[in-house]
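The structure that follows is given in the form of structure tokens.
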Amino acid sequence: MGFWEIFGVWLAALLTLGIISFLYRDNAFYKACEAIFVGISAGYWAITYFWDNLYRKFYLQVSDPAGTEKYVPWIGFVLGILMLTRLFKKIGWLSRWPLAFIIGATAGLYMMTYFVSNAMVQISASILPVFEGSFGDIITNLLVSGGTFCGLVYFFFSKEHKGVFGGAARVGIWVLMLTFGASFGYTVMSRMSLMLGRLDFLFGDWLKLIK
Amino acid sequence: MKGFTTIISLVFLMALPLFAQETPPDSALVGAAVDTLVPAESRPAPVGQLSAEDTPNDDGESITINWMVSPDDAAGKVAEYKVMRALAPEGPFEEVGDAGSGQTSYSDNRAERGVPYYYKIAALNYKKVDNQITWQVSSESAVIGPIMATAQWINMGRLNILIAILILNGSIIYFIWAAKGGRQFYIRKIAGIEEVENAVGRATEMGRSIYYVPGINDMDDVQTLASITILGKVAAIAAENDTRIDVPVSRSMVMVTAREVVKEAYSKVGRPDSFQEDQVRYLTDDQFGYAAAIDGLFLRERPATIFLIGSFYAESLIMAETGNSIGSIQIAGTAQPAQLPFFVAACDYTLIGEEMFAASAYLSREPKLLGSLKGQDLAKAVFLIAIFVGVILESFGIDVSNLFTAE
Amino acid sequence: MKRTELIVYFLIVAFLLAAYFFFPKPLNFSAAVSIIIVIIMALAFILVFVRTIQGHFIGRRMVFVFVGVALLLPFFMQFKLPLQISPEVRSAYDALVNLPPGSRVLASYDYDPPSAPELQPMADAFIKYCFDHDLKVIIMGLWPQGPQQANLSIEAAFRENPPLRNNIKYGVDYVNLGFQSGNEFVILRMGESFKAMFPTDLYNTPYDSIPLLKNIRNYSNVDMSFNFSAGRPGAVEWVQVAVDRYGLRIASCNTAVQAPQVYPYLESGQLLGLLGGMSGAAEFEDLTGKAGKASTYILSQSFAHVVVILFIIIGNVAFFREKRTKVD
Amino acid sequence: MRREIPLAITFIVGVSYIIAYFIPREPFSNFENWFNDWYAIVASFAIWLGALNLMKMSSLKIIRGKADVFHSVLIIISFLLILGIGFYEGFRGINATPSFSFRDPGTGFDWLYVNIYTPLSATMFALLAFFVASASYRAFRARNFEATLLLLAGFFVMLGRVPVGDLVTGWLPPEYQLSQWANWIMNVLNTAGQRAIMIGIALGLVSTSLRIILGLERAYLGGD
């Protein structure tokens, strides 16, 4: 292992410990590590967007002698430049144009993608036969269709939750709670995994105690 | 001056690529050497039942070719199928694509609209050693054509979606319009919101303050907007009871807006002088820095009531835990699915997803919010009926689930 | 700085230095030691339980110590626990197995280092499987860090099986298209043309001069896709745009935080399979026969889950006792 | 000018995307393609805006000599460091034969990524492992029936997803072991609940998008 490699591992270990020290209390060491993180990550994103996007996609495309529609990306470039006007008070309002573009594009795309994939396809998948198959299948289908149905009833706001409707809403909130429980379990799993990765680094890559 | 320097450095950054040099394409990536040592009976039979058609519902740049696999495909004698295209039946044919063994169709996405093309499929068998082809045999199918790619004016497979989205959007617009015209809509009781008065009252009794945390996202998030709307109402109740409400925020834009809203609430109940600017203050943009700062505030001030309403991420559980440990009444609300469980487990009342938006419509009585809510409810009603009727029909063997999916 | 704080820091540094210079490497506990440790931990929990019931909640830092120990010590233990394969992992694996050699697989790396402990084992096992079974991999990333994480998987595959370094050729067997900004708009544009979003690969080689990409224009020319996703953009966007608009066949590998939200897509058939979190990674490693990081992590993961569950139980028992005394 | 043009842009772009979903041919397919390309470019300027804004704020703090001068200096130094190395490696890569990428293993940029960026970002989120445990102990209570259901489902999923769960139920036949319970919760109950949430969110998004496109929702334009 060369000098830079060993130095890198020690530096990484030091920074890892710096962040972990926050568990004891907020301290100067943690604050310094946090500042480095803020600077490095801003620079990291800026550099990757520069090379992968502005150079590789924009510059190479407009400078390609064989390219067609070479002028089209320039409009995007101008919109991008307008975005930067926000740094200056006087002309900052110009940055609303690219912002309007971004928001309009997102709104237009989302309206269709969410409606199709998250509403229509899911409704279609909830329409399941409940009279056929084994007993287990019937229960499963009934729970998937019925659970979705009751969950939707709970999110119904223009009718009071009374009577049968109220009963369905009550079942709906139970289904939602069980769902949140599943999410809860999975989130705990995720958080623990993240720390495992760091411990593996500290005690494996750095201290070499884990093979 | 600073602006000028920034511009100069930006222009410099943008100009940098001009000095870069074009790289020549790397042509030495493959070298295929075809050996003639072919084992006996390795030539696969050609594919059968070749057909080609214009790919439907597209912009006229694609032709779909279908075939039956070679009879030798199952025996492993086909390595791949090559799709060949020409402008005349006699050729010359050029390769436009390939498909793996066992596959029966290919979309030629490089067709030009209105140009008649001819296709044939070559079934290939070869042997590779270290990525070098040592031998290769092939047999070609009959030629099919001419076939032309055409563009369609409307995607017929998506007609059902078109109808559905028109109905949904139409009803939302109608209800917004009706609400603007003064029509009243009923909105059901929402548990967390019903409790706001009690929670504020408790703080008044105990003589302690109320904390309202509007999440860590900026004003461009609808959840933050909903949260600020709810803040207006909560602040008004607090001002009425003469109880201090503190709003620590993590975005400067949110600070400006929240200050306006709280100030207005104080004026509305006739106590404009009680409002102090530092009730709404900016802490830091940083996620964990913000969580740590709020943590400290909770521990020092020990507020009687805490509202955590808005867009939250991982910091949700740090805040909810601390609030819980000092014995505060906590009312939370977010539409972030991953954070909801922690709020439900650690707070007294939780506004789940849409409930938060409904709450803001309920409190503000804004026509655009009320109308949207009503329109969404109509769609939900349609969906509920669809599931109910659909399940019954489906159970009797009548397939209706396809009505909801695009082709 | 307080004196206690200094002492704590000093002790930690001293321990780490001692570990660095004096501990055996690698450190392995014998079965007896492992069992003793488990017993000590159990006793500690009983102590916590008794204290909590008496109304003395242990401090936050003590809880942190418990978690740290539960996560760390299993690294050195030699227990092997049997693993049950869940159906969604099996169907993802089956989809991969059913691809004939030479098939083209699109792999989108949509995550960054914080999620790597969960997703990197999946990605590593996937790449190893593809290289072993002559599946052609087209790598891309919707997160800027993605292509760099992909480099790590490729390096891991080469390290495990050195002859691959010569047999697997860049541009023929795999290609790294790099990162492109625009989230779901990138996915949408790729439905029309990959080249429009990736005019060159990561190394600035023009798209058309890469042999693997010669016959690939858009999703209809790839046989399957694997997506390693830690959030937005990720699995949800791939399903919404690439699957529902362009019919891409996709299996999704998710962090555990995201997985529950992706299950509805699995049941509706929009996803071919799903690997969720560390357990998904361990099961996938088990299926592909490439034991990697996840197989070692899963023991620590078990301990950590047990610790969290015990803490919830202890906290709630105390809560109910307190409630009852209040009622009385 | 300050309001009308942005509203018009939002309307035209939003409507184009909706139309392009139903009409596959030009001119709408072209609009969609162009907008997608522009989006990618504007998105990268937005990132640069964020970075430059950070520099502006940090420099201002240093000039005003407020409390976190040291903090701001560190931010600026680390930003410029990775920026300098990133540009240097990028140009070196383009001009070299065979060309390489600025983020290839062995470059200075990769060194910063592996040894500074990775440990900092990964550890930052790893801290949550500790916070989640402490919250389980001190805050997650079965305070009512709903919360009890939540904790129970969480209990089965947490145990069922790791091998320990099957160890506990080892005496049961394989199809009744905890891992199977977890599978069932995830695939049936979780699917139903998530689906109800998804449908609700989708409808909410449609109506918000509609309001944005029609110009009824214009908070993003800010004041004046």
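As written, the chain order gives the labels A, B, C and D, with residue 1 at the start of each chain.
One rule holds for everything that comes next: a residue touches a chain if its C-beta (ideal position, glycine included) is under 8 Å from a C-beta of that chain, and two chains touch if they have at least 3 such contacts.
Fair warning: this is a prediction, and the values are worked out from it, not measured in the lab.
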Contact pairs, highest-scoring chain pair: A-D
Chain of greatest Cα-centre distance to subunit D: C
Distance from the mean Cα position of subunit C to that of subunit B, given in whole angstrom: 22
Subunit C and subunit D: spacing of chain centres that average the CA atoms, whole Å: 16
Where subunit B and subunit D are represented by their mean Cα positions, the distance between them in whole Å: 11
Of all residues in subunit A, the ones touching two or more other chains: 22-23, 38, 44-45, 48-50, 53-55, 57, 84, 87, 103, 105, 109, 111-112, 114-119, 121-126, 144-145, 148, 152, 155, 176-177, 179-184, 186-189, 192, 194-195, 197-198
Interface hub residues of subunit B, defined as touching at least two other chains: 6, 10, 20, 23, 26, 161, 165, 168, 220, 288, 337-338, 341-342, 344-345, 353-354, 379-380, 383, 406
Residue numbers of subunit C (touch at least two other chains): 64, 67, 71, 114, 116-117, 178, 180-181, 185, 188, 197, 204-205, 244, 257, 259-261, 264, 267, 276-277, 279, 301, 304-305, 308
Topology of the chain contact graph, where touching chains are joined (line, ring, star, complete, other): complete
Residues on subunit B engaged by subunit C in the complex (per definition of touch): 23, 25-27, 29-30, 62, 79-80, 95-98, 100-103, 107, 109-110, 130-131, 337-338, 406
Residue ranges of subunit C touching subunit D (in the complex, touch as defined): 57-58, 60, 63-64, 66-68, 71, 81-84, 86-88, 112-114, 116-117, 145, 147-148, 151, 155, 178, 180-183, 185-186, 188-189, 192, 196-197, 202-205, 259-261, 263-264, 266-267, 276-277, 279, 298-299, 301-309, 311-312, 314-316, 319-320
Touching residues (chain side subunit B, partner subunit A) in the complex: 3, 6, 10, 13-14, 17, 20, 160-161, 164-165, 168, 185-189, 220, 286, 288-289, 292, 337-338, 340-342, 344-345, 352-355, 358, 373-374, 377, 379-381, 383-384, 386-388, 390-391, 394-397, 400-406
Partner subunit C, residues of subunit D touching it in the complex: 29, 32-33, 35-37, 39-40, 43-44, 47, 93-94, 98-101, 103-105, 110, 113, 117-118, 121-122, 124-126, 129-130, 132-134, 136-143, 151, 154-155, 158-159, 161-164, 166-167, 174, 177, 179-180, 182-183, 186-187, 190-191, 194-195, 198
Residue ranges of subunit A touching subunit B (in the complex, touch as defined): 22, 26, 34, 38, 50, 54-55, 59, 84, 87-88, 103, 111-112, 115-116, 119-121, 123-132, 145, 148-149, 152-153, 155-161, 176-177, 180-181, 183-184, 187
